[in-house]
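Please go over the structures that come below.
You will see two complexes here that share subunit A, one where it goes with subunit B and one where it goes with subunit C.
Coming up: the complex of A and B.
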């Protein structure tokens, strides 16, 4: 695991470190552009497409954080399951010709932007001003270690999440079912 | 200061997480439809996950814990999406609309 490079040392663009940095910047750009599309487009279908783009970028960012397993799971679960579920819901519940919404207050946009800028700025300043203590690693965080810990230390949580997912699926079926008696 | 060394720095990931969280807040505030709000909520969860993974990579002693936690966040997000979307479908069947302004029957 590489120690963090101090920002003052600039790697050249055509060295390995420089190319890796370039790929990271591309991934960050994909993430941010996808998120902006997901929140700003008029049609919901385009917004789901932006969400997928954003999730693929986030999977790339996870790769840079030394966890290819989580990157794989990000694409499998978010792009493969959540985004497809949302697009099914749009097909079932949002016909595009009925999407004429009433006009909202003109203050919503600026206030939303202000709130988002305040939160982002606050978190960023907090993150940049704090000296985070760095501890020595006790293992390498490989897929083998994840599997071992998931079935030993975290086995209770693993089972609980399975039960939560089962209850969520049953609950979704019960809520969305057509009631025949009415 | 070089932007090409940003990939190996904790702060860049934290700022990226904060940015995704802010975009998600903006989406929740400005969106009119329930499905749009759900999409923005997914962005919030992803921003939180990036923070967890960044601390996991750079500071935490055991790099397994953050990855396991992120996996659990993904599972909870999938459950949340399933429940939320079934509620949206049920609301649409009842009100013939997914505009959040139309579902005001419980408003006092």
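Coming up: the complex of A and C.
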């Protein structure tokens, strides 16, 4: 078993490190609260609002991790484009009344809780026991360098992302096709 | 530490003050300009030239009761006007007014401004939807489809400028243009653009700024004399005030971006009196053009508006992008 990661001494709140840590915790809290709103609200539009809060929190975490480019792309694409598209679809299609949730089987709750606990526990153990390699900053984060890295060292990631998009397009076509035929 | 924290607080306060002051006094400038074009006096009672009108209007708006109609989605109804003002203030953080006056000089400055500008569409949608008023909702869908349509040519045109400059840092983009007036990006022959179509990209960018900020002749989201008030029909007092201020703050941001990307930012034409006032001069000349256009041109139709973007501006800006890329490769 690997030794646990040695934690630095907790910095005092009013030092630079302390304030940075506080900002990080705020961003994480925003992300989690947004996710909870997105999953639990009864109105779909409020779910979208929660999703946006969540996206902004994630962008903050990216910014904290020294990648402002990714943070800004997160806001531009997810908040500016994806969330607007989702809410357009909801407003044009969905009924405005509150969704009526049917009563589910009594076994769903405990099983759901068990699965969630198992996954959370597994990830926590994984995160704490792995010896994380400390990544050095690859470059200054300028657009040119990001482009070069994406098309040379990380071209595999680039290709995989485009496959994900391809799958999404095919999925959308399949769903549209089923509706049209029936 | 205390110095950095103090710097952050001062920068935020100055950004908010600059945005709010500009928004307030642009309303005054707009009303005076409209009055002048329509040959009537305009606000001229309170103070010299009616200069006390904006603070008095502000006090009136703040003193009014905040009416929340029954049946609205309260949280989103209150969040929408805040969301209209927030991106505009965030954008001021990275705008360089001169080589020393900039709150946070970011390497991805261009991206940051467009990222926050794209959040504005959400506030329109939320305002329209949470009002539970079908006219507000229809108008917000109109306004958002307009914003989405004009964001595309605007971004493509910006990419041409970023390609020429090779950087997304706003300060660096200005510094590359600061050699002389002929090095400004709008002028094609000297400087680093070498692109004959640059005045043309300036025109596309300017038209898109007009449309993005919901100004006449593209003010179909609001259309004062035809619709009731568009997406903010149900808003009164300071809720309405925030939408109004957000609109004018966005105009300031749009003009700042036009100045930085095409007109050489704070760089002075012939080496005369270098300083921040050249930036402000270019900025307010552009804003005066905004006001002038608003009160001179009639409103377009929604079809004309969307056709202009999707069928004319987007193909043209794509062609412009390819042409610029080719020129950069050749030279």
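Some points to look at:
Keep in mind that, in the parts below, the second predicted complex is superposed on the first by the 115 of 182 C-alpha atoms of A that agree within 3 Å, B and C clash if a C-alpha of one lies under 4 Å from a C-alpha of the other, contacts with A are read in each partner's own complex, and residues count from 1 in each chain.
Basically, contacts are C-beta pairs under 8 Å (C-beta built on N, C-alpha and C of every residue); 3 or more make two chains touch, one makes a residue touch a chain.
Keep in mind the model is a prediction, meaning the values are calculated, not measured.
Once the two complexes are laid over each other on the shared chain, residue contacts for A:91 go to subunit C alone; subunit B is not touched.
In the overlay built on the shared chain, the residue A:68 is in contact with subunit C alone; subunit B does not reach it. Applying the stated contact rule after C-alpha superposition, one finds that A:169 touches subunit B and leaves subunit C untouched. In the superposition on chain A, A:43 makes contact with subunit C only, not with subunit B. Once the two structures are overlaid, the count of subunit A residues touched is higher for B than for its counterpart among subunit B and subunit C. When the shared chain is aligned, subunit C comes close enough to touch A:52, but subunit B does not. Looking at the shared chain after the overlay, A:146 reaches subunit B, while subunit C stays out of its contact range. When the shared chain is aligned, subunit C comes close enough to touch A:79, but subunit B does not.
Annotation: subunit A residues 69, 73, 81, 88, 92, 140-141 touch subunit B in one complex and subunit C in the other. Every residue of subunit B that touches subunit A in the complex is listed here, in rising order: 1-27, 29-33, 35-36, 38-40, 42-43, 46, 49-50, 53-65, 67-68, 70-72, 74-83, 85-90, 92-93, 96-99, 101. Within the complex formed with subunit C, the residues of subunit A that make contact are 14-16, 19, 43, 45-46, 49, 52, 68-69, 72-73, 75-76, 79-81, 83-84, 87-88, 91-92, 96, 140-144. Residues 1, 4-5, 73, 75-76, 79, 106-108, 111-112, 114-119, 121-122, 125-126, 129-130, 132, 137, 141, 144, 148, 151, 162, 166-168 of subunit C are the ones touching subunit A in the complex. Those residues of subunit A whose C-beta lies close enough to touch subunit B in the complex are 2, 4-11, 13, 17-18, 20-22, 24-25, 28, 31-32, 35-36, 38-39, 44, 47-48, 51, 54-55, 58, 61-62, 64-67, 69-70, 73-74, 77-78, 81-82, 85-86, 88-90, 92-94, 98-99, 101-102, 104, 108-109, 111-113, 115-117, 119-120, 123-124, 127-128, 132-141, 145-146, 149-150, 154, 157, 161, 164-165, 168-169, 171-173, 175-176, 178.
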